[in-house]
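Structures are listed in the sections that come next.
In the two complexes below, chain A is the common chain; its partner is chain B in one and chain C in the other.
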Partner chain A sequence: MNSPHLHLILNHVPTVGTAIALGLLLLSLLRRNQELTRVSLEVFYVVALITLPAYLSGVATALALEKMPDISTEAIARHHDGALSGFIFMLFTGGASWIGLWQFRRVSRYSGLNVAIVLVLAVITLTFMGGAATMGGWIRHPEILVADAPTPTGSGGFITAASVKALVSDYTWLWPSLEALHFIGLWLLFGVVLLVNLRMLGMMKAASFSALHRLLPWSVLGLGINLVSGMMWVIATPEQYMSNVSFFWKMGFLMVAGFNLLYLTTFDDPWQVEAGDEAPFRTKAVAASAILSWVFVMYFGRMLPFLGNAF
Partner chain B sequence: MNLAVIVSIVVVCVVVVVGVVGFLIDRHAERLER
Partner chain C sequence: MDFILRLQHSAVMDWVRESGSLWGYPAILFLHTIGLAAVAGINGAIDLRVLGVAPRIPLSSLTRFFPLIWAAFAVTAVSGLTLLIADAETKLASAVFYVKMLFIVLALVNLHLLRTRVFTDPAFDSRPLSTQARMLALSSLALWVAATTAGRLMAYVGPVAGLK
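Coming up: the complex of A and B.
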């Protein structure tokens, strides 16, 4: 399997997944069913997670397609801009959903404000993702354009990949600032995740899981810093990452670590671990895989120039 | 301006914003749990 193949498999997830999650959220509000609200927020989070490889495989596909004859680079750029706009809103939707899940775990009820924010963000995300999907179709399937319709022009989103690339290359202070922030985000993320997972493995038994669970938003803020800084590098210099085996593995382990974070946030098994308790085997297995996944994310990030061709 | 100064200002500003957001989320959680 190569990147274009992966993109063909994943590219429906952001659009269809957001529509399904939005439908579940609306249904839960109509039925006043908090459990269904929780499921919808979990689906938003998972869709946001899968949107990352969907977007990255799209960037790799663009690099491959641009070399082919009879392919419009303008159409690719328009699709990229639409996908980038949708991806940005998807990250906010996933982040707001995660905050909602975290709050629900702690107080067993939802904040109306949080659900309203997720709802608005999801509608905007779906609008951009739907547009990006349509523009993606135009690249290889011009037959879906309505007959006699004017040729699409202009950007496909509220931001362009070219402007991000120009920003990173024009301002010399930006790249080193992003590097410093990427490290700060990393220790914020890994510091909290390590603490929580070590407790699950049997250390610091005097602390209950719920006490450590309260620290989790700090790790998500760290993840947010790293996603923004990392994405800016990828958009600015895609050729350094897209054929880099180290980057492929880094993203793979990031997916595993992302699912582990959902387990720690919402599942019952870790939440029931009180002070002095031993965590069940399943929780220990997830905790061990979480620590290993983050270590591998860091390792393959550092190995980008050595195992791959970056920098 | 010196590159190191600009980078330092940018990094400190982002860290302060993230710190404030993290603090507010934590305070909000405490209010909800009370």
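Coming up: the complex of A and C.
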């Protein structure tokens, strides 16, 4: 399987997944069913997570396609801009959903404000993603354009990949600044990950999980900083990353770590670990895998210039 | 100085720098990264607790993390020293390097003060933390941010080797 193949497999998740999660959320509001609200927020989070490889495999596909004859680079760029716009809102939707899930643990109900924000973000995401999906179809399937339709013009989103690329190359201080931010985000994230997961593994048993739970948003803040800085590099110099085996593994372990975070946020077994308790085996296993997957994310990040062809 | 430069051109350091093996320069760089992530990260999380982010974590339970921070610091320092010797000519000529060292020394002094001024108070779990404790936590975060930034800028500002 190569990147274009992966893109063909994953490219429906952002649109179809968001539509399903949105439907579940609306249904849960109609039925006043908190459990269903929770499920819909979990689906939003997972869809946002899968959007990452969907987007990245798309960037790799663009690099492969641009070399082929009879392919309109404008059509690719328009699709990319739409997908990038959708991806940005998808990250906000996933982040807001995560905050909702995190809050639910503390107060056992959903804040109307959070649900409203997720709802609005999801609609915007779906709009951009739907547009991106349509424009993606045009790249290889011009037959879906109705005969007398005008040739599509203009940008596909509110932001263009070309402008991000220009930003990073025009302001030479930006790349080093992003690196500093990326490393600060890295330790902010990793410190909280260590504290919470080492507790689950048996260190500092005097602290309950619910006490440590308060720290989790700080690790998500670190993750957010690193997603933004990392994405800017990928958009600016995609060729450095897309054929880089180290980047592939880094993203793979990032996905594992993302699922670990969902476990810590929504599952009952870590939540029930009180002060003095030994965590159940399943929680310990997830805690160990969380620490390990972040270590691997860092390893393959550091190996980008050495294992792969980057820089 | 001459001694360090001689070390830089020793067989071991030539291997670290130029062998192209993943066990040479890249592995040491990774150890440095994971070490700094643990040192600044755990210290940062403790700072957040002192600042009041997760007030139900008993401060007394956090004292167990101090030995872990120092162990991680040992890994960071040894790997960092190796990276320094392997590229001494460039790094010792870089002003940013000395700025980074200054911030690290200050951050470590800060950590020590946090441990001895705040974490030795037997009643620290039963009453609100002092302003001094909060100031120490804030300066700790600021110093690690500064040290990290200076560390990254070493690859861009002043003399820069071809090494990553």
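In this text, the second predicted complex is superposed on the first by the 311 of 311 C-alpha atoms of A that agree within 3 Å, B and C clash if a C-alpha of one lies under 4 Å from a C-alpha of the other, contacts with A are read in each partner's own complex, and residues count from 1 in each chain.
Note that a residue touches a chain if its C-beta (ideal position, glycine included) is under 8 Å from a C-beta of that chain, and two chains touch if they have at least 3 such contacts.
These figures come from a predicted structure and were not determined experimentally.
J.: May I ask you to decide whether A:Gln103 touches chain B, chain C, both, or neither, giving the answer as first, second, both or neither?
T.: After superposition on chain A, A:Gln103 lies in contact with chain B alone.
J.: Kindly classify A:Pro176 by the partners it touches after superposition: chain B alone (first), chain C alone (second), both, or neither?
T.: A:Pro176 sits against chain B and chain C alike.
J.: May I ask you to decide whether A:Ser111 touches chain B, chain C, both, or neither, giving the answer as first, second, both or neither?
T.: The first partner, chain B, only.
J.: For A:Val16 in the superposed arrangement: first (chain B), second (chain C), both or neither?
T.: Neither chain B nor chain C is touched by A:Val16.
J.: Touch check for A:Leu221: first (chain B), second (chain C), both, or neither?
T.: Touch status of A:Leu221: first partner only.
J.: Is A:Ala166 contacted by the first partner chain B, the second partner chain C, both or neither?
T.: neither
J.: State whether chain B or chain C is in contact with more residues of chain A in the superposed arrangement.
T.: Result: the larger residue contact count on chain A belongs to C.
J.: Can A:Ala206 be said to touch chain B (first), chain C (second), both, or neither?
T.: So A:Ala206 only meets chain C here.
J.: For A:Leu8, using the defined touch cut-off, is the partner it touches chain B, chain C, both, or neither? Pick first, second, both or neither.
T.: neither
J.: Could you give the residue numbers on chain A that contact chain B in one complex and chain C in the other?
T.: 176, 180, 184, 188, 214, 218.
J.: What residues of chain B sit close enough to touch chain A in their complex?
T.: It comes out as residues 3, 6-7, 10-11, 14-15, 18, 21-22, 25-26, 29, 32-33.
J.: Residue numbers of chain C touching chain A in their complex, please.
T.: 22, 25-26, 29-30, 33-34, 36-45, 48-49, 53-58, 60-62, 64-65, 144-145, 148-149, 151-153, 155-157, 164
J.: Which residues of chain A touch chain C in their complex?
T.: Interface residues on the chain A side: 175-176, 179-180, 183-184, 186-195, 203-208, 210-215, 218, 275, 295, 298-299, 301-303, 305-307, 311.
J.: Would you tell me which residues of chain A are touching chain B in their complex?
T.: Those in contact with chain B are residues 99, 103, 106-107, 111, 172-173, 176-177, 180-181, 184, 188, 214, 217-218, 221, 225.
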